[in-house]
Amino acid sequence: MSATAATNEASDLRDTALDGPELRVRLSKTWGTESGLWGALTTVDHKIIGRRYLITTFVFLFLAGLAAVAMRLQLAQPESKLIGPDLYNQLFTMHGTTMMFLFGVPVGEAFAVYLVPLMVGTRNIAFPRLNAFSYWVFLFGGLFLWISFFLNIGPDVGWFAYVPLSGPEFSPGKRADTWAQMITFTEVAGLAVAIEIVVTVLKQRAPGMTLDRIPLFVWAVFINSLVIIFALPAVVVASSFLIMDRLIGTHLFNPAEGGDALLFQHLFWFFGHPEVYIIFLPATGMVSAIVVTFARRQAFGYLALVLSLIAVAFLSFGLWVHHMFTTGLPQLGYAFFTASSMLIAVPNGLQIFCWIATLWDGRPDFKTPLLFVLGFFFIFVAGGLSGVLLASVPLDTQVHDTYFVVAHFHYVLIGGAVFPILGAIYYWFPKFTGRMLSERLGRWHFWLAFVGFNVAFFAMHISGLMGMPRRVYTYTAEMNWGALNLVSTIGALMLAASFALFLFNILRSMRVGAIAGDNPWGAGTLEWATASPPPPHNFDRIPFVTSREPLWAERDSLPVVTGLRVDNRELIASTVTEARAELREPSPEPSIWPFLAAIATGITFVASIFSPWAVVWGGALVAITLIGWFWPKGSKEDEG
Amino acid sequence: MRRPATILVLLLALAGCNTIQSPLDPASPQAHDLNRLFWIFVAVLGAIWLAVMVALAVALRAPRPAGADPLATDRGRDRRFGIVITGLAVATGVMVLVLTGLSYAAQRRLFAVEEEAVTIRVMGQQWWWQFTYEDVDASRTFITANEFHVPVGKPVKVKLNAVDVIHSFWVPSLMGKQDLIPGRENDIRFVAERPGVYRGQCAEFCGLQHAHMGLLVVVEAPEDFERWREAQISAAQPPTDSERQKGLEAFLSKPCVMCHTVRGTPAGGRTGPDLTHVGGRLTLAAGTLPMSRGNLAAWIVDPHGIKPGVNMPLIKLDPDELNSIAAYLEGLK
Amino acid sequence: MRQRAVADLSSLPTYGFGPKSPMWWGTLGFCAVEGMGFALAAGSYLYLVHVNPQWPLSAPPPDHWPGTVLTLLLLFSLWPNAVADRSARRQNLWAVRRDLYIMSVIGVLAVAIRLYEFAGLHVKWDQNAYGSITWILLGLHATHLITDLGDTLVLLVLMFTRHATGKRFSDVSDNAFYWYFVVASWIPLYLLIYWVPRWA
Amino acid sequence: MKAAKVVLLCLAGALSAGCQREDRAYRSNPVASETREEIALVSIAPGPNPPAVYTTGKGREFENNAFHLSQGKRLYSWFNCNGCHANGGGGMGPPLIDDRWIYGGSIENIVATIREGRPNGMPSFRGKIPDDQIWEVAAYVRSMSGNVPKSAAPARRDDMHPGPAENRTATSPPVPGGIVPPSGQMPQ
């Protein structure tokens, strides 16, 4: 033992010795984040970073939503001259790219970053500095994309950026490079968070939280993180291949030199279909949490729900080709993908049935979060079923790339993900801020969104069946699509209005909302066992878990464990399956290096679309910041 | 809850009628097949959706007393739920298998190979279609653009290639869509069963003017088709009156010839559509404008006002040059 | 909510090796991500072999000797790597220094040989799709060699500072674990790059 | 957040620098709208001072614009320039990728060459190619010898690989000279 370590031993203070307010004050001091700019740049608190992630993703949601409104206005009547094709193509590309990569994936991870450590009863996420780094990289990637857009360098090749259209010959300038590099940014961030979640769930669960006591939301985001780990590399490979074809003259997608345009589609959809479930799985976790709390009944078929999550995760990798039914691949292969695509309806159906059973046996309490979940049932089931229709090869040859598909996946993504996410905001806002959102505004928000959504997107099924293709910036009057498009635009405006209302509700409630208290909904999971908002160290003492809903099982007092250091960031590492405490794992302290590393990474990515050599010198830059990051600072945390 | 379902049926019915580009308005056995399959799926899936919504509505009644212990469960009840849900899951599986079967059967019929009477090679390019009628006798192959004719009741084979980026060939009333991919060749087959003009459109995003990449299929009686084919094989008629003569001279002296071909004249450009019989087509600029002398002039004088970003450049013409060129082109029946 | 203490964990250690330590699981996670990257790149290679009538495209197969030598070196390195892992777990500082030395030398050698491999490919990345994907596979693995070499060097230096205690040993062990991945991922790539062009 | 702002500013700066490289002028000007450029075919002149040269700057605008350059690259093959000049390597006509320029290597010179035509086979395209497209072709010809910004120069085509694309060719500043090709005929 070195001298420093010895002195640490001397000043070793355990929570066994303390209690009540003093314990909380000391822990808050140990785990707290400095105030001011320095604190903001160096913080590693999963709650602060999770909140940032949430706010940032919602900012991107609103930006992409505005892009959608602009497109709907252009399409409101035939031959409209409001927006030209060049801008329109950038708009729908920005809309899709932002919704998928800057909202859909990160928003689920944002909830996870904030909630998982609370729900599994630990004091910080695993690898907190990686967490801080991932946020900065994500932020820079998103800003990079949108600044490019406002400089008229926004990508205009669709969120799927098919070659050859996005390739070196047909996309001059840097627009397509912007898309490809934004992918790299956001996927690096997304993969980092996924790994943190996986390790947090596997190794940092509170003692006693065996596998069958893990909250369903945690199961959902855990499995989701595994899907991310195996799906996201595909799109990174695809976008890297693309940018290499564009910048250093490789021929991966050039048929004249042995490449193949379909290779891009295979790589992209090998990611692209799991992507849909990456967006959907966290939402199922939110639905489970909300249903259980507001039905006042533990989840019916916990095991079935977990198993169907796993089944969905596996199947989601087996059906990417159903996005390529019109590319002329072998027919028999198509039949297989039809079957697998339809088969995924079984586990999804199973989940729906279990939730309905829970409500059936419970006593539904119709608060706003539950309203959004009911909206989810109504819309998502419809979207899922139209998906079964799309899985049929022959039918797909008719509706593929028409507005029918646009309607379908907005039913799935808005119904399946956005509605539960909005419900989740209403549900956890008290925990995030300590104040309740206005219930009255919430109901207005729900009904406006629900009606607006169905008006906007149901009509698109019809315009699709009337032969309207996707991604057209206008259409001629004699196609008879005008009326339906006008309806869609009106619905879209209602939807937009509902989000304005939502924003107002948030801003207002943050100042004047009713004080929430620890557990306003009388829920059963651990995040409600601590203050709202939680203190920097989450829990004064780490809970000892005896049940799936500890707060329902332990009415009078919560069992906890003691013996952790108070003067030093320490949390419990436990065994993977039965969660026996096995280490007092030190947790990293705030550091500026993740931020610097993110800047270095950003510079590397952006510079590399102007000169391939940036990868080399940028790589060196990143390496330096990483060494600074991992080099021990001689603080207590580093010494065993 | 039932409201949307009824609206669905009504609107879908509406979608079927009075449209010029709809899969619900079939004009070939293939499209009929697809239309039937579509309605079967809609019926089955719609019924399932309704059932789930009803179950949900029932579930929202509140049997359990207020303040009951959320962890308390009734074993017998749970077992019953378990049985029902297992049954439903199995039912879902069966439904899925049945639909897969139906779908695969249709797929087999749809892509069944049949000896074709006419073979047309489609070249998709930004943002128009080139059609080559192939014939064993090379002198009888010919090229046209954005509109092609087929005889009613005869099997047609369409070979699909792309020159630049990926496009997708889609004439909903005749057949499902199929992509045109550079470096690959796809094909589709169909038999048109009633005469008429059917509209199609590019269905894969292909850049700026993806929205204005339409085409027309004219289905006509075999003898009319043969007459049309003979006319297309022949070179352009020399201009009859003086104005069209002036038009031809202007056409040849201007940039037009750099990109366009008019068989029977020195104009041999390969970049733009073949104009040998442009006057005989129903539309202009890939299904964007109805064919008329006025529209020809409007298109030539400012293509970018009509299709911003199109490859046809703006060229300086004085009014009577413009009119004579329009007249000449209109005369190319 | 009132609390009641049910267990005292004061006696637990503050670091562990292998699956005990969260960092090991993190490393495993990154291995999964990169392994997926390798798998997809290799899949793309096979896809291109499949869509092309002949392979390699208008280029002689690469000389396999540099690759074969590297493969043997990597296979040999498994032994000192295992030793390094064991020394770390025993927290034998002197042995760990020695083993990290050896592993660094092996890393430098490997990177040097990798340069000869690029020279021996007989095709540039911008010549045709075969050249492109071959360079990508080789480059992708080269970045892993360099990353682990860098990590090893940093740890080596660290072992001569006052920080060479406790938790750092488990870092050494995780680094050894990562090297197993680097070696394992190379074997299939070696077969793809050097033998598929001869057999296909 | 300040540091983040700084980064953003740098980022914005870097991108805005690239802005005029990214503009897309889809609507070209009609044929007859030619700019007046005073050009010299050779850099030497009688008397002490070099020959008078006046350019409107239109050339720079086209040379630095990725869209114009890529259009030029397409027109180069559409108008069959490679019929005589191949992919720049030269054939019946002189090579375009080297540094030798018989009639001057500035974009204004090249525009003039395309407009007016030159002896021994180079036809005049005035009136045949709209003037802006002549500028685009000329700008592309400049990129063949690496005389335009790399970040704007066209990348490879989806075609057989003749050599590194314009965005990867080494810069060879034009020098007067080069061999007038053996009298070719007008391209068919």
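Note that the chains take the letters A, B, C and D in the order they are written out, and that residue 1 is the start of every chain.
In this text, a residue touches a chain if its C-beta (ideal position, glycine included) is under 8 Å from a C-beta of that chain, and two chains touch if they have at least 3 such contacts.
Worth saying up front: this structure is predicted, and the values here are computed from it rather than measured.
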Path length in the contact graph (chain B to chain D, fewest steps): 1
Pair joined by the larger number of C-beta contacts - A-B, A-D: A-B
Distance between the centres, which are taken as Cα means, of chain B and chain A, whole angstrom: 37
Distance between the centres, which are taken as Cα means, of chain D and chain C, whole angstrom: 47
Chain B and chain C: spacing of chain centres that average the CA atoms, whole Å: 51
Multi-chain contact sites of chain C, meaning residues that touch two or more partners: 126-128
Where chain A touches two or more other chains, by residue: 86, 164, 169, 248-249, 251, 254-257, 260
Where chain D touches two or more other chains, by residue: 26, 156, 158, 161, 164, 168
Each pair of chains that touches, named by its two labels: A-B, A-C, A-D, B-D, C-D
In the complex with chain C, residue positions of chain D that touch it: 156, 161, 164, 168
Residues of chain D that touch chain A when the two form their complex: 1-4, 7-8, 11-12, 14-16, 18-19, 21-24, 26, 66-67, 69-71, 150-152, 154-161, 164-165, 167-168
Complex contacts: residues of chain A adjacent to chain B: 84-86, 89, 157-158, 162, 164-165, 169-170, 255-256, 260-262, 292, 296-298, 300-301, 304, 326-328, 331, 334-335, 338-339, 342-343, 345-346, 349-350, 352-354, 356-357, 359-364, 374, 377-378, 381-382, 385-386, 388-389, 391-402, 454, 458, 461-462, 465-467, 469-476, 478-480, 524, 547, 549, 552-553
Residue ranges of chain A touching chain D (in the complex, touch as defined): 37, 40-41, 86, 136, 139-140, 143-144, 147-148, 151-153, 164, 167-169, 172-175, 245-249, 251, 253-257, 595, 599, 602, 606, 610-611
List of chain C residues in touch with chain D within their complex: 126-128
